[in-house]
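Two complexes come next, and they have one chain in common, subunit A, joined by subunit B in the first and subunit C in the second.
== the complex of A and B ==
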């Protein structure tokens, strides 16, 4: 099949893009890298009347690090994240994770902001933003607002972005750079969608006590999950394999992952357990 | 039918003009409007990689790009590889290693390897494999394609 007819607009300024979107509303789609939108249009899962291509808006392509935050423009591609020395110097895990996203050619065009706004449950960046306590910036003719990642991802392919808003920036607080991060993923082959993936961040103090621990799971629900479990199993203690096992068991007990064509619920639980154990032991240097 | 747009693509080194409907995919425009049928089309949803071309020096799935987005861009297809007649060093390595059977996926492999060798004169085996992971081959298996890529790497050192 081929995409249905549509009108094409490619504004140079964000102000123009938000006015167009406000005027056209739900009939229009924003296009960033197009690596999910174009195939959806080809198989006619999506047939917007108008495409607003935002690729000419240069200000959305920047990576900036100020004294509090890492700011990743919505049009920064996965390849840009993978190769950015600036990001690698503060948060090298981002480059490692970028390599798990599809194939190099898709990473050349797929964007950080597009991935967040699309909110595919198999996408890695939503997990990262949630785990690192990040937020997104959204612009519309009504102004600009910041939405916490925990309030952003609603369900399958659905976010709290309003129909007149454009996601313009992802914000990761610099405090995230203090933790040791480990990412683990199971996929059928290199480049395929992740079936289950986990991101673990650990902060230890100088005497080796765990100050903070965070585990985010992808592929175990409609949105990335941070299971609410008793943190004191591991926080405030000198970590041991035994404590990691207890902590992992608590997380596993809280999960209710879906069964689908890629894996059954039981498979997913097994994968989550193994990946969590690996990620936690590596992050805690056990 | 939606509004037509005038676009200019620098295609294999030559500026080409065309009026296109926005819905037209780059792969279809290359094949149907410019007659460059070296770019193949298979899955049309970005999975198989046989339609890969170079856009502004980066590999790009031409089935996941609207032709209108290539306005003002430099696009290279597999046809630019043997403009000087005969096979280039990557094509020669494919020929010598029996790295193709039906040949449908070959243009995709040639483009990703050309791009790899342009950016890295001596890629590691892992880097070659990562590049090859971009394209699906359903008949040879990847062994001979990998061997051809390694031969091309050696040939490049002699150049």
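== the complex of A and C ==
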């Protein structure tokens, strides 16, 4: 590691951290797990003047479930999510998804909050937060606010977090646990960034009618996408393969994914179609 | 002689220390007063350097020096490289060669992103990095050439200075099928402005190809291409140069495969005698051919150390590795193969463009060495080729494990598969028809090998390799299973590919075997162990001859003081040449030892035997002497002699005329190379909707002659196949049109992981080479050669129902999806 010179601060309290950040503004970077920031500093793609390491702030490491929400502290690691009995009992899909994130050593350090704040379009948690209608909590010297996921991810590596704010918690409403979730990803190899991935959640009522359906796509744009398509194609109906195909086709029509070294736009469309079909079919038990 | 060690799967002697982290690599080594160097590299692919301002860097606290080309004096020069065409080849083929060697630092023009432009030397690595950012270089961008077709266009600028002579090469009938985009004049002559971005242009002909093609029942023709990828040793390149404290010369520690050549290069470039330079390698974390290359840093770091009279260390980081260490494999073949109605190959014609990047180093290797691997294991007696190496604004291409073999083997095996398909013959059957049989050995291919000597396949049973691997994979059963699975919507396929592998390139390697007065044996070598297990295999050979426990034999390799001359570790040559030299030197030492003991006991040498470090007189158990006593006898030291005498029970002196040492050196000269071979078979399952390949089974029948240590050979084969799989499916060096490398980190340049490598079943065949006393053949490149061919074949077979034809690598998800879609259209 040969970064440019930087100051290193490691406050013990959130109040200290936010006041440091308020003081230093854009010159400082918050460091959580450091799994994206440190490699970027190593090759000098990032050269922050000051690192505010928040790892000493214990209160950011908790997972809490109250009667409304699942609250995941910003410093909860991917491994914590993967192995948390508490989470697995209410929303086991989180553990499944965590396994798709890089490799065990990276999962041991990388954090839930860091991944959200970094807003890498190839990251899985932003998809989850968006698909499950979650939100994040942000703290600053000015106080605390909650930002809905749909208002949070702006573009590539960019969120609506202000420069003096720290993301402290991710909130997933317990209502999300009612749906059946399926996650599917295509990557060149185990542990590599996903080229395209989809998270699908469906809710069927007792008579087998689809009450709600949600499909989020990653790797198809600068941010995770929930294509706005006509939900009535499938909602309110007894699902069939045919309906799934129609619904998928609608979503695919709305996509305009990028081409890059991993896949062309055409490849991504094909992958998205396949993953959506497979995920919806599985989620609807067809 | 007993073979307690030779041929046994002995655990590697070096592993415990390596695994415990106790061995040293360059990055572990330090010296008092050591400085750190950082190379400032070109950020543009092709540009004129207008000015370099180093003042800001020099003003930074802790910076000791900043060097640019003009500061280097005579050390700024073209650096020689290995792999030149030997005279017999120049005479035979008259290749056009434009030497375009690497220079110490870029001078006037930069030719690829990552080319060294300046060197910063500072008190620590952080300051050196900071200062490198302060070196300000003003460029005038030139058109960047990103591929060979663009390079050959007359509108493209020349990457190296043009010679203006216009050569006219007369047209030839076989050329008419070429896809070449070049100019034909109105007389039907083919014009090439020689020198325009062409590094090598040569034609090779064996047999009367035109005649054979006229007899053909079918001809298959296509473009077959391999993509750019390279070796990624865990340890990058690195050098620590330490001026001799007595001011006499220089100690150079480097992560390099060719210490003696490196020493000569430093001597020539810096102007001090080779005898004042010692180049040595500690442990190496992989080499793979990249570290046999010659780079500016190889001269720059010793230069800076001498200039500043302080130790200087430089370590490559991964981005530098991807940008500026040599690349390989980017070759495009326009090829056609003729068959008779039975599937017998009648002839092969092709034209290849090798993307050699910014410079031409190792001119003979990628173009010619690779080509030689067409002449086996299949009987291809007629061949005509035009081979060109073409300059582009990318990192220099040089040999990477396989060194031109995988590309050519891919073309040949794909052509055979496509011929088989057209003829309706099974891919295994067509190989049965065309493999050279063991009765034909030694088989003279009728061409000169890369070293200028006749290419003669010395031994081996190629059909046996095919049959054994076909049986091991249960070929016929697989075909039945394949149909069953297809019926339930699953796409599995099988591929087979055979190849030969030249190893043991000359001219010579040496070994010095010395029995110390402790009775322990030290083997001194010039070659470098880049991970092959030299410390074990060479000890195994020696331990058998001296009948000593293996742990009493140690190997010191990779030192320019090891023997008087050495070439280095490449072309699968160490076991072949050094192995035999170790045997020969050990036998000499043994002979002397027995002579000494026969003198002591006054018995003939035939009456002596060596067991576990002691020499006994047969039938007289009380008459024995240990090896250490013998060694002590050779030391002119009274007490030792007395001890020896006491033990021997007799008063002795050395035999008249015997020198007081048990220390012998031998050299093994290769008459020519030795030929190993392999048959690879793989089965895969493809998810056609996502383009994902899963390798189900991998079998290789492999023959590298007599095996010193099967465990190590298996490791070599496994590692090679893993690299081959990586190169075929995951690894790719991608440049954009401006010559910027888009895959310069480990997230974008994906190496294969354990989860990507199937269990590999190895069938060991052993046909001893008649060309050296131990019967050894090379095995270093082996595994890497087959995977591109065999995986392409297996994937194509799995996707047979779509009509997919695979003619290029890598087999990425996007590539598979596109191939299916274009087959549908």
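Definition applied: the second predicted complex is superposed on the first by the 285 of 286 C-alpha atoms of A that agree within 3 Å, B and C clash if a C-alpha of one lies under 4 Å from a C-alpha of the other, contacts with A are read in each partner's own complex, and residues count from 1 in each chain.
Everything below uses one rule, namely that contacts are C-beta pairs under 8 Å (C-beta built on N, C-alpha and C of every residue); 3 or more make two chains touch, one makes a residue touch a chain.
No experiment lies behind these values; they were computed from the predicted model shown.
**Q** Please work out whether A:35 is in contact with subunit B alone, subunit C alone, both, or neither, and reply first, second, both or neither.
**A** first
**Q** Can A:191 be said to touch subunit B (first), subunit C (second), both, or neither?
**A** The answer is both, since A:191 touches subunit B and subunit C.
**Q** Can A:7 be said to touch subunit B (first), subunit C (second), both, or neither?
**A** After superposition on chain A, A:7 lies in contact with subunit B alone.
**Q** Please work out whether A:258 is in contact with subunit B alone, subunit C alone, both, or neither, and reply first, second, both or neither.
**A** After superposing on A, A:258 lies clear of both subunit B and subunit C.
**Q** Considering only touches as defined above, state whether A:266 meets subunit B (first), subunit C (second), both or neither.
**A** After superposing on A, A:266 lies in contact with subunit C but is clear of subunit B.
**Q** Thinking of the overlay built on chain A, is A:43 touched by subunit B (first), by subunit C (second), by both, or by neither?
**A** So A:43 meets both subunit B and subunit C here.
**Q** Could you tell me if A:227 is touching subunit B, subunit C, both of them or neither one (first, second, both, neither)?
**A** neither
**Q** Based on the superposed arrangement, let me know which partner A:173 touches: subunit B (first), subunit C (second), both, or neither?
**A** It touches nothing on subunit B or subunit C.
**Q** Considering each complex separately, which residues of subunit A are in contact with subunit B in the first and with subunit C in the second?
**A** Shared contact residues on subunit A (touching subunit B in one complex, subunit C in the other): 2-5, 39, 43, 189-191.
**Q** Once bound in the complex, which stretches of subunit A touch subunit B?
**A** Where subunit A meets subunit B, its residues are 1-8, 34-35, 38-39, 42-43, 51, 53, 55, 79, 103-106, 108-109, 189-191.
**Q** Flag every residue of subunit A that touches subunit C in the complex, lowest number first.
**A** Spelled out, the residues of subunit A in touch with subunit C are 2-5, 39, 43-44, 186, 188-193, 195, 261-264, 266-267, 270-271, 274-275.
**Q** Could you list, by residue number, the parts of subunit C that touch subunit A in their complex?
**A** Answer in residue numbers: 125-126, 129-130, 133, 317, 319, 689-692, 729-730, 732, 734, 742-743, 745, 747-748, 750, 752-753, 755-756, 812-814, 817-818, 821.
**Q** Can you name the residues of subunit B that touch subunit A in the complex?
**A** It comes out as residues 1-3, 5, 21-23, 25, 28, 44-46, 49, 52, 58-61, 63-66, 68-69, 112, 130-131, 133-134.
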